[in-house]
Amino acid sequence: MRNSFGSLFRITTWGESHGKAIGVVIDGCPSQIEISEEEINQKLQKRRPGSKYTSSRKEKDKVKLLSGVFKGKTTGCPISLIIENTDFDSSKYEKTKDILTPSHAKFSYLEKYKIFDYLGSGRASARETAARVAAAAIAEKILEKEGITVLAYVESIGDIKVKNKPKDIFELKKSLETSQIFCSDRKAEKKMILLLQKLKKEKDSIGGVVSFLTSDLPKGLGEPVFDKISSRLASGLMSIPGSKGFEIGNGFEAATLKGSENNDLFISERGKIRTKTNRAGGVIGGLTSGMPIFGKVAFKPTPTIGKKQKTVTKRGKKATFELQNVKTHDPCIAIRATAVVEAMIILSLADMILLNKTARLI
Amino acid sequence: MRNSFGSLFRITTWGESHGKAIGVVIDGCPSQIEISEEEINQKLQKRRPGSKYTSSRKEKDKVKLLSGVFKGKTTGCPISLIIENTDFDSSKYEKTKDILTPSHAKFSYLEKYKIFDYLGSGRASARETAARVAAAAIAEKILEKEGITVLAYVESIGDIKVKNKPKDIFELKKSLETSQIFCSDRKAEKKMILLLQKLKKEKDSIGGVVSFLTSDLPKGLGEPVFDKISSRLASGLMSIPGSKGFEIGNGFEAATLKGSENNDLFISERGKIRTKTNRAGGVIGGLTSGMPIFGKVAFKPTPTIGKKQKTVTKRGKKATFELQNVKTHDPCIAIRATAVVEAMIILSLADMILLNKTARLI
Amino acid sequence: MRNSFGSLFRITTWGESHGKAIGVVIDGCPSQIEISEEEINQKLQKRRPGSKYTSSRKEKDKVKLLSGVFKGKTTGCPISLIIENTDFDSSKYEKTKDILTPSHAKFSYLEKYKIFDYLGSGRASARETAARVAAAAIAEKILEKEGITVLAYVESIGDIKVKNKPKDIFELKKSLETSQIFCSDRKAEKKMILLLQKLKKEKDSIGGVVSFLTSDLPKGLGEPVFDKISSRLASGLMSIPGSKGFEIGNGFEAATLKGSENNDLFISERGKIRTKTNRAGGVIGGLTSGMPIFGKVAFKPTPTIGKKQKTVTKRGKKATFELQNVKTHDPCIAIRATAVVEAMIILSLADMILLNKTARLI
Amino acid sequence: MRNSFGSLFRITTWGESHGKAIGVVIDGCPSQIEISEEEINQKLQKRRPGSKYTSSRKEKDKVKLLSGVFKGKTTGCPISLIIENTDFDSSKYEKTKDILTPSHAKFSYLEKYKIFDYLGSGRASARETAARVAAAAIAEKILEKEGITVLAYVESIGDIKVKNKPKDIFELKKSLETSQIFCSDRKAEKKMILLLQKLKKEKDSIGGVVSFLTSDLPKGLGEPVFDKISSRLASGLMSIPGSKGFEIGNGFEAATLKGSENNDLFISERGKIRTKTNRAGGVIGGLTSGMPIFGKVAFKPTPTIGKKQKTVTKRGKKATFELQNVKTHDPCIAIRATAVVEAMIILSLADMILLNKTARLI
């Protein structure tokens, strides 16, 4: 699938960090969805964690809608979205172009392709994910019709963890609206911000965990056996730069429990069958159970840091690397990744909703 | 992709637990690979954790090779493998067919398809994964040519964790050969076996974690941005029944570290560039770095247990469920899952090796 | 796609002419379709042009249904169909194995794969298409629900052409039921049979044209711009062994007409819009117009003939080739191809019907 | 595949006739190919049949290269090409927006999507194909490395057919360079031009046939059984707007011949095996034989004509339609289609060349 994601609602992203633009083509979007350039931009704006604790590159990121929409509605034809790259400075990359940045894609891309666009990390830059977020703004319309909400938030940064968790998705939504770093717990947030400020001074970075939560879902989404909802989400979320771990439901905790402890028992409430608990995170047998999906994604610390690190050049000569334009790099990618985690879940669910329309002949 | 996995080396599995047979079609296997029915069966046998601590269903699992091989070599045409279902007893499923087994696929399949083959869980049975293991026996030939070894082993069962880890893949391989439950640490193994025996008496089950490790790999495998090696592995491994979490490299630990702590520094050794440490688990920028890939998969406890559990029927009436034919169910799916974890990694790597042949025009 | 055809309703065929079996896996078939092994076999039987004018290999071709159906209904899980190879004699192929049969796949397969299963042409045998016909027996159920009929018939053999054409698909269906060679015109049929008898004596073969016709179709089937209904049909039909040409509607004749002559004018009849004429063959802008689809497929003469032909060996040495086991080869592949033409159209339409369910959000 | 074509070298096109732009994303292009914006534009220019006998819309069609190329070479990352729409007048479409243009996509798109961008036919406009031609300019680089040339030319317009055919592809290439309408035969060309002028006066259009020819090809391209080279070409060429028929090699003529007449006998020349004749059009068993591929595509006359035609409105009321802005419509789409026929063959071959790299393990 390379640069495409999804089966029926399929996106193809393109573009490099310091190229002319980045963008995405959405193929398979149903017709009759009301959408406008403005609405997409508003959603992007809302999702953009443009605080002082994320990269200060002023990505105005105005999305242009180039095709697939006529008189305010999707036509069923491919939708092309484009975001021009404007605020960047490529000059600093030339002198380190032969130095292998530690834990950075330059090395592996060079091994694979024998060429690497080293300006702002080119295609390997997290900037690529803006196209996913833009596409998700349209996919979200399919979810809205089913009354589905998807949220992602910062669960931990370094050793600082969220403690007081909102009791449901509505409370979570509210609490995130006033957060500077997409964290639902004000106390934890304060500590996190202090840590981020300290790290910025140290020219270092830090890892973090992003949690996600949805509202109740339609039942039966997901396609056995290789496109289970858990498999598709894992695929989407582990394609986000810097992701190193994934959990659905209670995740690794489930591996420590007995069956009698871990099972979610079925109950009937007002004529509807649901589970009493939801340790599974809304997934049974790889399909949605109707209960909310929740889980976590672990992000490593940003590898490109201002601190001096030992490394070698492309030809194996000893060298050192220290990031110059620190201000354009997030000290903690988990914060900004919340928007991308939401996007990948939204895109996955939209696709699964469409696929599900063909599950039965009835 | 539903019942297919892979892009160039693509498998399509089929079959239900108590149907006539299960099987797999491999499309895109290169020609000129020496393989025989016997060799596939030997590999399966070796991988089969047929100890007394796994299900005692006597799955003789003799694979028949029906196509795609001529005079001992693959021809480039699709390879069809079939395993007949022989040793099963469907009689016990009739009386519980309307009862929703807790945390079991019956509920979600019924919601999706309005029909469910409830005999031995039908398609949702882990038996389906035998077809993946059979296909991997052929995919492994592509890896062998590159000198690649892939191993998976039991890292923990419940709270019991492996402590002494083998220093490399060769030692690991040796230690697994004499293990009854695919565990590399004899001390841990003993405790695990005691726990399994206790749970069997209690008619309960337990979760577990499977770790995986490869030898050094070719560099540059994986396809940015959505088929990163980490993404593809996550997709494959999270499609295994019962999997709830995935880590590549140090996984969730990375989320607690600083960049200066987590980065793997490049060094040059005897003219070759490698990383001094390998916290990343062999993945940089979503592509293989050449270092061994390692990581973990969390498995929940087997949901179908002998202990009596409260539940409801398909129509919402109160009911209880207790598994009758306990002996055919593994108390800990993680043990048997080791073979499937290996299979999914092998299949992913074989596909990535083929895809990589088209990365450059040279 | 290699050995797979279709997007949502996707078949994957496998097997060689003289291997143990051939078969097909159907992935993406909706649940709730009533189907039985018997019904599939009946359909196959009806489609089988087992007259004395086609190959006399007694392909009993009993399909076994191995998965995906429970209590008489499809479950949404992959359906595996298998046909054992029984009546064949491989002995005659050994002595000609190094001789390049003129116009035969042996040469190009050897160039591609460096290995070729030469027994009965292996995978390149038209026998592979039996798996497509079996799969179509299930796909047809999706069409039946929409009231769609698909027919293919012999339009010409050599220079002998059908003259009196049935006025609609019902009359066509009737006329084919009593034909020995799937031809709707008794006069032409007689001449064709005489020609076939003459050619059999001459140890030669002959080309032919197959026409196809459907009943009225749902409107809007097909996916712009690369999966237009015409494109998908062309792809499917030109994948049948021996096909050399394809027409939809008036085909090459359209290239000789003026717009004012060729256009099909819209009219309104009893509140429904249709076209007055149907030169387009039921396709407008690549989508179905609702009118019947019709067109043609040209088949070359069977290349393997009993007549002695000059050729060379794999190593370029001069040689001659004359087919020994003449009786197992059809003198005119077009006759038997009618069933495969129907199958590929049925499979294409079933897929397009499913795809169309996701065209609009409504 | 909808708006994507190809398996490894995969293009996704987007854009409407009167939208802001059209474009294409190429995914899977190997790295290390030298290419520039200028070169793509030169190729487009050369291919553009901008004579007075085609549409006079001044499509300057300057392609912008937005991604995937760094320092003059492809990087292996997706290549985004965009062509802004500049010279168009949408005003004339409003008053006919509810009238069903005869034999035009408006009807079937409305049936499928319940919405249609009627400005210049939106997505159904042949303008979409410019994106394919742009993508082919890059794919062609992969062919050039193998020394492959692909040419398409006008074989007939109405009843006027080319008589003197060039003896090989080099002569053909030369003869096309001086043609106004991509026709190799000067005598035929003159008659064709007279016919076109006459039709323009009559406000009518005319059909035509495009022939294609390649130089010698690598052997073994194509993927049995559903992606045979003939199947893939048919799929690609029948996706071009207005195409109604396809032939490979001698096509429908093969259906009239005996096996002994139609077979291409193998010979050995200077140690190389080839066929004496090439009736098959370079395809044996669905794979390339190494001989040149040739064949034909039939195009219907442009359906939108200036002549007054009877039709109905979307709601079934009687109406008439006569094209107003005649000058922007080609009287014969076959002429301009030559560039698209070349493009689709080039794209197909580039993909097949990449796929072939994985055919054998060797």
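A few points about this structure:
To keep things simple, chains are lettered A, B, C and D as they appear, and every chain counts its residues starting from 1.
We adopt the following convention: a residue touches a chain if its C-beta (ideal position, glycine included) is under 8 Å from a C-beta of that chain, and two chains touch if they have at least 3 such contacts.
Note that the coordinates shown come from a computational prediction; the quantities given were computed from them, not determined experimentally.
The pair A-D is the one among B-D, C-D or A-D whose contacts match those of B-C for more than half of the residue pairs.
By number of C-beta pairs in contact, A-B leads over the other of A-C and A-B.
Once the centre of each chain is set as its mean CA position, chain A and chain D turn out to be 39 Å apart.
Centre to centre, using the average C-alpha position, chain A and chain C are separated by 46 Å.
In whole angstrom, the spacing between the mean C-alpha positions of chain A and chain B is 26. Shown for chain A are the residues in touch with two or more other chains, namely 2-4, 13, 28, 31-32, 74, 76-77, 109, 112-114, 123, 224, 359-360, 362. Contact residues on chain A toward chain C in their complex (touch as defined above): 8, 28, 30-33, 74, 76-77, 141-142, 145, 224, 354-355, 357-362.
For chain B in complex with chain A, the residues that touch the partner chain are 1-5, 7, 13, 100, 102-109, 111-114, 123-124, 128, 156, 158-159, 199, 204-209, 219-228, 230-239, 241, 243-252, 254-268, 271-273, 275, 280-281, 284-290, 296, 298-305, 307, 309-312, 316-318, 334, 356, 359-360. Interface of chain D with chain A (complex): residues 2-4, 10, 12-16, 19-23, 25, 27-28, 31-32, 64, 66-68, 70-71, 73-80, 82, 109, 112-117, 122-123.
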